[in-house]
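The next part holds the structures, each set out as structure tokens.
Heads up, the next two complexes both have chain A, just with different partners, chain B and then chain C.
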Partner chain A sequence: MVGAGKIKQNANVLDKPLGKGKQEVSLSAFAFLFSELVQYNQTQVDHISELETRLEDAGYAVGARVLDLLCHREKGNRRETRLLGILSFVHSTVWKVLFGKVADSLEKGTEHEDEYMISEKELLVNKFISIPKDMGTFHCGAFVSGIVRGVLDNAGFPAVVTAHFVPVEGQQRPRTTILIKFAEEVLQREARLG
Partner chain B sequence: MAAICSLYIINKSGGLIFYKDYGSMVRMDTNDSLRVASLWHSMHAISQQLSPTTGCTGIELLEADTFDLHCFQSLTGTKFFVVCEPGTQNMEALLKVVYELYTDYVLKNPFYEMEMPIRCELFDINLTQAIQKDRVALLGR
Partner chain C sequence: MTSTACFIIVSRNDIPIYEAEREDAAQLHQFILHAALDIVQDLAWTTSAMFLKAIDKFNDLMVSVYVTAGHTRFMLLHDSRNEDGIKSFFQEVHELYIKILLNPLYLPGSRITSSHFDTKVRALARKCL
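Coming up: the complex of A and B.
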């Protein structure tokens, strides 16, 4: 608590209030940091798919922490139990806090019951990155799909999350789609809840 | 019509890392463009020594009968220069814009190796847009 004339400081760091923190971070600083993260992981792996896995794991750690933080800050410690609830939480709240805007769209997959897609014209992490032609289907958005997987996993909705480029006619750059495939138990629980 | 003919980017050791040809004046093959780049790098360095005033940072503008050459050197030694028709305005501003695009789409790209030739799709796309905008603005004047 901050009050005029209060001399005694909060000796225990756990007693200090959880502040809002800085709302904005320099995009260039983040871009350089992310670029270095990718470059460092490139030196550690032998294969492209390993690089994607490593980026995803890095994102998973972020997602786990972001979930706890946002549940406390934004939602007043309420827990999402329904599928659509957690999906719209990821699509709006998480995206807003991490990237400054809500995701472009959230869609349900037409072919399978357990697939959902979050689409973005251009992921913030990919803003300055041009993938060389010989890297094939590699996507730096694996970091973001790791974040989504971290949030979903720790909220009790295990899923496999991947990032894909979807070519769009009339545009040079393809759209990015985060594909979320929920585990069987999630769908069963959802059906039970009605 | 005053217009840009070609754009070169050379690294701090004088090697050509980017070359784009816009005009119809001169068609150069790869070897010639490499030669021009290293030639300019040397001339730029020699001019710093030859200058009668202290603190000279190199050639910024070369005016010839049939072309102008504007050069911009960043603090790190990377040189951006553009060959254009005589009397073209606003080339310094254009070079600054190219420098900004370079810092954004080349230096923040994890797959770009420093001092190597630039092969970044986003850089090419944005550069074309910037040159196009400059051309349109030029026609408007």
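Coming up: the complex of A and C.
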């Protein structure tokens, strides 16, 4: 029949295969989206710490999904049951898929047994962001620490995750450190598993 | 072809987010599966595999469990011995579950209400079990 266009059958998402996904996404598209996310949340809150909390919660939702998806795609359905295992999963696999490279370093805290740090020279999310002086210790990396917390929490390793700027000698921009402090039960279970 | 089967998906916080019955002995089946949760809890930390095989028995019914990376448990109550069929059933449902999880509007740990998901799970059950 003339003029009859092709009728588009909207396939349900459950019928489409999972696939490998896009390996690359436009950086500028992400930067725009992230900046809108921050600006939108800025209008919704009265206080800086609330803004950090909101960014972290947004990241938590991402982390929860990234964990299941990457374990299925990259690791052939093997779960992580040990602390070092999940940390190196975050440091390498998650970082590689989300930011295109592994994190700069993974360190164990010296003062406390339950602290670990993932360091990055410049977080991808902060690439186009500058913090005004009056915002004090605010860090947009709260989004990334939310992602890490989402991954760890859903894998059964509850932790408090925060992002900090660490000034480095000889460098204009400070380094970013994601500090991970595990809950007591995680260490107990690790000790039990031996 | 089994006559008895009950499949539930239990979230990380021990809340059932999906149930499917083959027949109508609902109450007892769910009770058995809930009782098996404790065993799953301990067993999940001893291995990095996702498929935990048959972990509990009740009369002539067996409980098989599959744990995802996010500690969501797929539990199947059955009376068959078809381990390969059960494993492939779990793997297919796992893929469906990930697709549901990827929906940004789905709150992880909440009930799965999609009727399409229900249809697909039942079709898989007929095919694999």
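By definition in this document, the second predicted complex is superposed on the first by the 178 of 194 C-alpha atoms of A that agree within 3 Å, B and C clash if a C-alpha of one lies under 4 Å from a C-alpha of the other, contacts with A are read in each partner's own complex, and residues count from 1 in each chain.
To be clear about the criterion, a contact is a pair of C-beta atoms (placed from the backbone, for glycine too) under 8 Å apart; a residue touches a chain by one contact, two chains touch by 3 or more.
Just so it is clear, the structure is predicted and the values come from calculations on it, not from any experiment.
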item: Contacts of A:29 with chain B and chain C, given as first, second, both or neither; value: neither
item: First (chain B), second (chain C), both or neither touched by A:42; value: first
item: Which of chain B and chain C A:191 touches, first, second, both or neither; value: neither
item: Which superposed partner A:172 touches (first chain B, second chain C, both, neither); value: first
item: Partner contacting more residues of chain A (chain B vs chain C); value: C
item: Which superposed partner A:130 touches (first chain B, second chain C, both, neither); value: first
item: Chain B versus chain C as contact partner of A:67, first or second or both or neither; value: second
item: Complex contact set, residues of chain C against chain A; value: 12, 44-50, 67-72, 91, 94-104, 108, 114, 116-117, 120
item: Complex contacts: residues of chain A adjacent to chain B; value: 28, 31-32, 34-39, 42, 128-132, 135, 140, 172-173
item: Of chain A, residues touching chain C in the complex; value: 12-14, 16, 18, 61, 64-65, 67-72, 77-81, 85, 154-156, 189, 193
item: Chain B - residues contacting chain A, complex; value: 104-105, 107-111, 119-123, 125
